[in-house]
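Common to both upcoming complexes is chain A, partnered first by chain B, then by chain C.
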Partner chain A sequence: MKMRVLLPLLFAAAGALLPGLVGSTLLMTLLTQAVINAMLATGVGFMVRQNGMVSFGHAGFFGLAAYIVALCTTNHVVTAEFAVLLAVALPMLLAFLLGLAILRIAGVAFSMLTLAVAQSFYELMLRWRELANGDDGMAAELPPRLFGAGIAVFQTPESMFLVCWAALMVVLAGLWLLSRSHFGTLTIAIRENEERARFIGYETLLPRALVYALSAGIAALAGVMFALYNAFVTPDVLYWSLSGEALVMAVIGGTKAIWGPALGAVIFFLFKDVAGDLTEHWPAIIGGTLIVVTVLLPRGASGSLLALVERLGVRR
Partner chain B sequence: MLIQILNGFVYGGLLYILAVGLVLIFGLRRVVNFAHGGLFMLGAYIGYTIASIAGFWVGLVASVTVLAVLGVVMDRVVFRPLQDEDPIVTMLVTFGILLVLEDLVRTIWGKDFLTLKPPAGLDGIIMLSGSSFPVYRLAVIALAVLVAGGLSLWLRSSRVGLHVRAASVDPVTTAMQGVDTERLGATVVAIGAALAGLSGTIAAPLLALSPSMGSFILIDSFVVVVTGGLTSFTGAFVAALLIGQLHNLGVVFVPAAASVIPLVLMVLVLLWRPDGLAKKRS
Partner chain C sequence: MSEIVLEGTGLTRQYGGFRALDDVSIMVRRGEIRGLIGPNGAGKSTLIDVLSGRGAFSRGTVKLEGRDISGLNARQRRLAGLARSFQRTNIFGDLTVGEQVHLAARAAEAENAGEVMEALALAPLADRRAADVSYGDQRRLDLALALVGRPRVLLLDEPAAGLTMQESLTLAALLRDLAQRWQVTVLIVEHDMDVIFAICSSLTVLHLGRILVEGPPEQVRVMPEVVTAYLGSSVA
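Entry: the complex of A and B
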C-alpha cells in the first residue's frame, strides 16, 4: 500500500530533476511538448476510462483554450490571469452542456459527433479571418508577467517543463483520488451498466456529463500550456488529426491505468520525433507502428507493464 | 438555380457511393473504417494513372479491381484478426492505414495537384434552361443512381444480399444459421473498397487530386453515414443527397460556413433521432 503512494512521488520528483540532468535545450523543448501532449492524452484517456466513451474531438477543447488565451491577451479584453482561467472554464462548461445533449447517443455515433463539433471550431477559426487571421495563425501578445512570474518562465523549455510536469502530476494525482471517491466508483458503475445504475436509483446523465466536462478541462489546460509556451496558435490545434493523435497516444499507453495515456503520449511523441529525423516518410512509419503496436498490445503499454509487474510478483 | 441543385446532386452522388461502402463495412465488421478516405484517394490516383495510359474506362475498371483486391487483403489481415478486440483498436489501425496510404501516394505521385480529363463522349456541355452544364456531371448523377439501384437489387433479391442484411443485424445468429460470415466479410469489404475506388476515379475529373483529398471527403461521408443511421442503406442515400444539396447551397450562399452546415445537420438529426434518420427509436 505504501509503495502505491511512494513510487509515484519518487517518479514525480525524478521528473522534476530532468531539466538539471538533460544538458540539451533541444531535448528539453521536445520533452516539454511531450508533457503538454501527455496532458491532452490524459484528458482523452480519462474519458475512455471513466465513461467508456471515445471522444474524437478533444482537439476542439485543446485548441479552443489555446485560442481563448491568444485572443484575450492580444485584444486585452481581460487580464492574462483571467484569460487563463477562462480558457479552462469555458471549454469545461461547453463540454458539460454539450454532454447533456450528446452523451445520450451511444458508440460510434458519439465519437463522430465529437469529431463534428471539433471540426466546426476548426472551420470557424479557419474562415473567420478577421478574428484570428485564419490559416496563417495568430501570435499571442502575452503580458510581461503572469501569475507573478516573468513570462520567460513559460517560454524557456527548462522552466516550462517544470510547470507542465508539475501540472501533469497534480492532474494525475487528482484523477487518482477522484477515481477512488464515490463519484469515481459511481461513474465506473454507470460505464459498466447504465441501466442497472439507474435502476438502483442513480441519476446517470449528470455524472457522465461531469466526467466529459472534466476531461475537456484537462485537454483545455493542455491547450493553455501550449498557447503560453508557443505564444502562437494556428487552426491546426483544432484539426481532427490532433484528436486522432491524442486518442492514439491514449490507446498506445492503455487507458486502464490513469497514467497510461500520459506514458503513451511521451512514447508516441518521442517516437514521432525520432522517425521524423530519420526519414521524411514518418507518417508511414507512425501509421505502420500504430498498426503493429495496437495489434500486439491491445491493452497498451501500461497494461503490459502492469501485467509484467504482476507476473514478476507472483514468481517472487 | 437548377444548375446549383444539379451540382448538389453530383456531390451527393459521390458522397453516397463512398458512404455506402462505409455502411457495408460497418454493418458486417462493426468498424468505422478511417482508411476509407485513403482508399478513395488511392482509387483516384490509380484511376488517373491507368486512364492517362489506356483511357478513362480502363482506368475505372483497373481502379475498382485493385481496390477490391485490397479490400479482401484488408479484411483478411486487419478486420478478421481484430474482430474480437475493442472497436477503438480496429478504428485506430484503420487510422494508421490512412496515414500509410497518404504517405505512399505522396511518395509515388508527389504533392502537386493533378487533374484528369473527363472521358471522350462525356466531355461536352449541355444547355439546361439557358445555362450550360457539363455532361460528365450528369453522368456522375446517373452512376450514383445506378449504384444505388444495383446495390438495393442485390441486397433485396439475391441470396448473398439476404445474408449481408441478416449479418448486419446480428452476425452471431446469422453465423449460427449456417452462413459463412467470414467469407461474407471478405466479399463485403471488397465491395466497399471497390466502391471507394469507383467514387475516387469518377471524382478525379471533378476534384483536384492531392494526397489529402481522402481525409477531406472522409469527414463528410462520416457525417452521411451517421446521419443516415450507420447500418441503413436507404438512410445513407437520403442523407447523402441532403448533405450534398446543403453543402453545395452553402458553398454558393454562405461560403464561410459551408463546411459546418452538414455537421450542424448531423447534430440536429441525432438529437431528434439518436439512431439516425432511418430508424425510429424502439
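Entry: the complex of A and C
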C-alpha cells in the first residue's frame, strides 16, 4: 500500500535529476518537448478513461491556449500572468459549453465533431492574417519576468524541463486523487452505464462535461508551456495531426492508468527521434507500431507494465 | 384498506403502429407485493418502463403517493422514492460491487449500503469488480442498486431471471422479508409461478398490452381467460 505513494514520489524525484545527468542540450530539448506532449496526451487519455470518449480535437485547446498567450502578451492587453490563467480557463469553459451540446452524441460522430471544431480554429488562424500572421506564425513578446522567475527559466531546456516535469507530476497526482474521489467513481459509473446511473439518481451530462473541461484544461496547460518555451506559435499547433499524435500516444501508453498516456508520449517521442534519424518514413513506422501495439498490447505499455508487476508480486 | 402509493392511469405506449401498452391503469397499495404476470411480449417490461420514466414518449399519468410524477424523468422519479431493477442485468461492470452500492446509496442520501449488501449476501464480494462476479451475484447486485437508499416503491423486472429454481425461491423469501422490514411496496414481474405464489398478495395479468384480470393469486390462477392467454402463447 505504501508503495503506491512511495514509487511515484521516487519516480518524480528521479525525473527532476535528469537535467543534471543528461549532458546534451539537444536531448534535453527533446525531453522537454516530450514532457509537454505528455501533458497533452494526459488530457486526451483522461477523457478516454473517465468519459469513455475519444476526442480528436484536443490540439484545438492546446493551440488556442498557445495563441492566447502569444496574442495577449504581444498586444499587452493583460499581464502575462493573467494571460496564462486566461489561456487555461477559456479553453476549459469552451470545452464545458461544447460538451453540454455534443457529449450526447456517441462514438465516431463525437470524435468527428471535436475534429471539426479544432479544424475551424486552425482555419481561423490561417486565414485571419491581421490577427496572427496566418501561416507565418507569430512571436510571443514575453515580459522579462513571469510568476517571479526570469523568462529565461521557461526558455532554457534544462530549467523548462523541470518546470514542465513538475507541472506534469502535479497534474498526474491531482488526477489520481480525483479518480479516487466520489466524482471519479461517479464518472466511471456513467462511462460504464449512463442509463443505470440516471436510474440510481444521478444527473449524467454535467459530470461528463466537467471531465471534458478538465481534460481540455490539461491540454491547454500543455499549450501554455509550449508557447512559453518556444515564444512562437504557428497554426500547426491547432492542426489535426497534433490531435492525432496525442491520441496515438495515449493508445501506446494505455489509458487505464492515469500515467499511461504520459508514458506513451515519452515512448512516442524517443521512438520518433530514433526512427526519424534512420528514415524519412517514420510516420509509416509509427503507424505500423501502433497496429502492433493495439493488437499485441491492447492495454498499452502501462497496462502491460502493471500486469507484469502484478505477476512478479504474486510469485514472490 | 391502506392508501394507494402508486397509481398509473391510461398508460399507453406505442412503437410505430404497435401498441405495446394500451390504456392500462393500475393501483398499488402501501405494503403490497403485487405480481405482474403475462405471456412473453404482453407489455410487462413496457409498463415498468413507463412507470419508471424510461424511454420514449408515452401517454397517461403516474402518481406516486398522490403526487403527479408524469413530468419527471427517471432520475427525478428515483429521488422521489420510486426505484427499479432491470430484466437484463444493468450494472456498472468496471466498478466494484461495494463502490456501486455506495454510489447508489449516496444519490438517495441514505446510509444503508452496508446493510443492503449484508442482506443480499453481497458483503463478501464488496471489493470484487462487478463484471467478474457470477451471474447470480450480478442479479442480486442489480436488485441491491434499486433497493438501497430506502425507496418507497420498488419496481422489479424479473429479478430471478436466469436463476435456478432454488436460487429463485431463496431470493423470493428474502425479498418478502426485506419489503416488510423496510416497508417497501413492490410491483414485481416474474415468470416463475412458484415465486409469484410465494410472495405476492395480489396479481395483475397483462395480455397484449391490456389488463386481463386482477385479484388474489389463488383466484387468478384458475380464471379461464388467464389459462387461455397462457395456453395461447408459447410460455412454459
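Here is the rule we use: the second predicted complex is superposed on the first by the 316 of 316 C-alpha atoms of A that agree within 3 Å, B and C clash if a C-alpha of one lies under 4 Å from a C-alpha of the other, contacts with A are read in each partner's own complex, and residues count from 1 in each chain.
The rule is short, and it goes like this: a residue touches a chain if its C-beta (ideal position, glycine included) is under 8 Å from a C-beta of that chain, and two chains touch if they have at least 3 such contacts.
Keep in mind it's a predicted model, so treat the numbers as computed, not measured.
S.K.: State whether A:Leu308 touches chain B only (first), chain C only (second), both chains, or neither.
M.R.: Neither: A:Leu308 stays clear of chain B and chain C.
S.K.: In the superposed arrangement, does A:Leu177 touch chain B (first), chain C (second), both or neither?
M.R.: neither
S.K.: Should A:Leu186 be classified as contacting the first partner (chain B), the second (chain C), both, or neither?
M.R.: Touch status of A:Leu186: second partner only.
S.K.: Specify the partner with more touching residues on chain A, choosing between chain B and chain C.
M.R.: Higher number of touched chain A residues: B.
S.K.: For A:Tyr202, using the defined touch cut-off, is the partner it touches chain B, chain C, both, or neither? Pick first, second, both or neither.
M.R.: second
S.K.: After superposition on the shared chain, which partner residues are touched by A:Ser120: those of chain B (first), chain C (second), both, or neither?
M.R.: Only chain B is touched by A:Ser120; chain C is not.
S.K.: So in the superposed three-chain picture, is A:Arg104 touching just chain B, just chain C, both, or none of them (first/second/both/neither)?
M.R.: Only chain B is touched by A:Arg104; chain C is not.
S.K.: Looking at A:Leu9, would you say it contacts chain B, chain C, both, or neither? Reply first, second, both or neither.
M.R.: Touch status of A:Leu9: no partner.
S.K.: Mind listing the chain C positions that touch chain A in their complex?
M.R.: Residue list for chain C touching chain A: 52, 54, 73-75, 78-79, 83-84, 86, 90-95, 99-100, 103-104, 106-108, 145-146, 149.
S.K.: Could you please specify the touching residues of chain A with respect to chain B in the complex?
M.R.: 48, 54, 101-102, 104-109, 111-113, 115-117, 119-120, 123-124, 127-128, 240-241, 244, 247-248, 251, 281, 283-284, 286-291, 294-295, 298
S.K.: Could you please specify the touching residues of chain B with respect to chain A in the complex?
M.R.: For chain B paired with chain A, touching residues are 26, 32, 34, 78, 81-82, 85-89, 91-93, 95-100, 102-104, 107, 215, 219, 222-223, 225-226, 230, 255-257, 259-260, 263-264, 266-267, 270-271, 274-276.
S.K.: Report the residues of chain A in contact with chain C in the complex, numbered from low to high.
M.R.: For chain A paired with chain C, touching residues are 182, 185-186, 188-189, 191-193, 195-203.
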